[in-house]
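Lettered A, B, C and D in written order, each chain numbered from 1.
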């Protein structure tokens, strides 16, 4: 999904650049709180890891293949602020050294693959860990799963607003969302496997899942042991709904903000929307019905934020349901 | 004032494995001390505390009178030079030259002085020819030598070496001994090579199961076959402690 | 039929450094041979050709009559067990058990047989206690032992070891010698530990600057101080070649 | 000469060039030809082999495919080309993306081919990119080596014990090693970082070489975007 130069018009590229720069600036301040003096090496390592696994292509149905985005993984391992920084650096390095993603599209790329994936991933992660305490791996799976289609929908939306080609946003969103839901499953599996493995041997490395330290033992000359030191206090249970809401609202705000911000640069799109009265029906129809890009010739354009917001909402509801199911199963077991 | 003072040091790795169970030792300025012990005894773990790479879970470490704490780390690291057991952990720059220059450059050295220090350190370990090669393209023994050079270039007061002679060819092993003897610094050397310990160090410590099990003149310890055997140590076949 | 046949083997690394300049050697079935030589001589490079990790730039390698080629690789690797110089190159699975089981499982072993083989190999190197720990959380010496176990578990016909005794504690060093003596396989062992070579191997090769510089009974080579000195080899201080 | 220019000059030049390219209206065919010629000139002066350029530009392929799809799914007026019904705005858009993306990729490849990554980052620092970002990027490049190395080691280790990744069923093995890879490289990275700290690292790479740029060097570097801008001006 690395957007090259020339994909978006200049206004969109620059506006996205402003959004990205603002986001990164906020994260630069927040990151220091997350990791103190180890920020740079830790983030660098996660960035390198994300970069490396982005080269792992896995097959998705119908002859396409996807690769890891890594936003959710980064957020879970080093926290959301540092996570955004990691993604920004990955994209920067890819753009500058590997010509992967255009230099003028850096803002778009950071917004879509950094800000959106991290926010969506982290929001879902907090929601699920808040609902079912200790299910970090499940939460990681869902977070990663959701982050991919959300990012794809954001891309579609942005392209519809400020892209250099006219498209039918509904069909493209449906197609993009569908394919990326599948890619999201791959993303979710790899993320869950990685987080699970790290959790098993270095729980201290998973942000927010701080482990319980055993007390140390001192051994005398006779071989007898005396315990010393007090175990560290257990981390406070993450607040259930509030962080999630913040995350979810954040994602929606970013999308909505982008929509209104770019509306002016794309009058044709707006006019088309204005003409199209029954757009909600149409949107639902497209989201669920027309995977095969059947009627692209006929439609003039589809609701702006609506497709995106519906997409986001749908995904959140879905995750909520899955999390709820997971919790009730958990309770039965206990 | 002692160069190194360790009091009741205990440490557990993040995964819960406790490696040190209350280590006590002190080493005077200018002493050369061998640290012996079986695999997994905690030698490397102990050594990593001496310049604050690991932080004591309990107890204290004092280097030349300065306690090792967050706020004293940079001073401590200036004084203690540590050669890691695995040279790949130690070498990280794109060329051998940059790697050896890294420490002195951080200490403020520049230009010709820097070049001279780098050349000197590499010459001592016989790796001057490789100065422009990337470290990860060297043979294992060559990497170990460069690792030693990076630390020599910093001219530390206290030199801590974790199995420096392993993977060195026999001549390099002897040359390293000569270098260490020629320096006027405190040396703590982890080794499984008991003849080497005897050759270089007057005093030896045995670390076993995370505590110091013996401390005394190397010659005395190595003559006590029973003590050695208790800690999985033994003199190699064909070797006899030379009579003075 | 010879276990190993190397003919005119030359090799240059991708960065242009030529490490081997025409190596010739042959080792008969059941022999135990030591490969000696200074740092950077090309020992590791040579050894990596013996199971096809590196591919000959010129010349040929034949293992038990099978030439090492792309299409014979899996057969060759079944026969040749290689213990790397750096245990981190060898261990990659999340637990010690998985790592030791990896080779036999690839060869088709399952269930109880697999468990038995794993347990057996770990017991031999004294690491059975660590069976469920992640290998990268072991001490260096412990990792080296597990690395040896991964290869023992594959029961290869030809065992190639790159400095297996470095970082081992003295008792483990002796135990490894006993294991190697107890196995009825061909052994090629790279080492800088000349007494160890003398103890274990009847025959020795000296590789120097990418060619074989000497080949003969270990005892004879080690008694030739001048030959040794030419190749940066020397017997350690306090060691005398024991009289038979 | 291109190789020796200070990295901050080159970085800024490439960025400015890409901006000019993106800002060029898509109807001005010959402006794009002139840009391509400019890049060709730089590549010639820097002696970057054509084969290298081509190989590195493969990265663009997925988006070329996407661009080719746009005329098919695009909206608006349609024409028929070789029996295919294509959208005219879609065709324009595809051309626009192909031309601009290709030029952008070529410029980046040229930059990467003539400058060490570490230098680019030092240059970026000079251009006031936040220090923390530069540091993260430095560590990323450093650890990329570590991770690639660990990946290679793990692959060799697997293969030398009889593993062949041909079979679909062996995916679990690879998946299991992904987690192990992270921890391994993390812990090695951690130790390397500690080794740096124990040799006095304080968050900034020591400047072993000085890289300040002279006015002349700025002039040389900015000649590229200036020429591009001139082309744009002329084409209006």
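In this section, a residue touches a chain if its C-beta (ideal position, glycine included) is under 8 Å from a C-beta of that chain, and two chains touch if they have at least 3 such contacts.
Predicted model only: the values in this text are computed from it and were never measured.
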>> Looking at chain pairs A-C and A-B, which one is connected by more C-beta pairs in contact?
In response: A-B
>> For chain A versus chain C, what separation do you get between their C-alpha means, in angstrom?
In response: 48
> Can you give the whole-Å distance between the Cα centres of chain B and chain D?
Replying inline: 42
> Rounded to the nearest whole Å, what is the centre-to-centre distance of chain A and chain D, using the mean of the C-alpha atoms as each centre?
Replying inline: 23
> Which residues does chain A have that touch at least 2 chains other than itself?
Replying inline: 197, 201-202, 205
> In chain B, which residues are in touch with two or more of the other chains?
Replying inline: 15, 86, 88
>> Could you pull out the residues of chain D that touch at least 2 other chains?
In response: 142, 176, 179-180, 183, 187
> So what shape is it, when you link every pair of chains that touch: line, ring, star, complete or other?
Replying inline: complete
>> Quick check: in the complex, which residue numbers of chain D touch chain C?
In response: 153-154, 156-164, 176-177, 179-180, 183-184, 187
>> If we count contacts the way the header does, which residues on chain B are in touch with chain A in the complex?
In response: 8, 10-12, 14-16, 18, 21-22, 57-58, 209-211
> Where on chain A does chain D make contact in their complex?
Replying inline: 2-7, 10, 13, 24, 28, 31, 37-41, 43-45, 47-49, 51-53, 56, 85-86, 88-90, 92-93, 95-100, 102-104, 163-168, 171-172, 189-190, 193-194, 196-198, 201-202, 205, 293, 296-297, 299-301
> Once bound in the complex, which stretches of chain A touch chain C?
Replying inline: 197, 200-201
> Tell me, which parts of chain D touch chain A in their complex?
Replying inline: 11, 14-15, 18-19, 21-23, 26, 56-57, 59-60, 63, 70, 73-76, 78, 87, 89-90, 92-94, 96-101, 103-109, 111-112, 117, 120, 130, 132-133, 135-144, 146-148, 151, 175-176, 178-180, 182-183, 185-187, 189-190, 193, 203
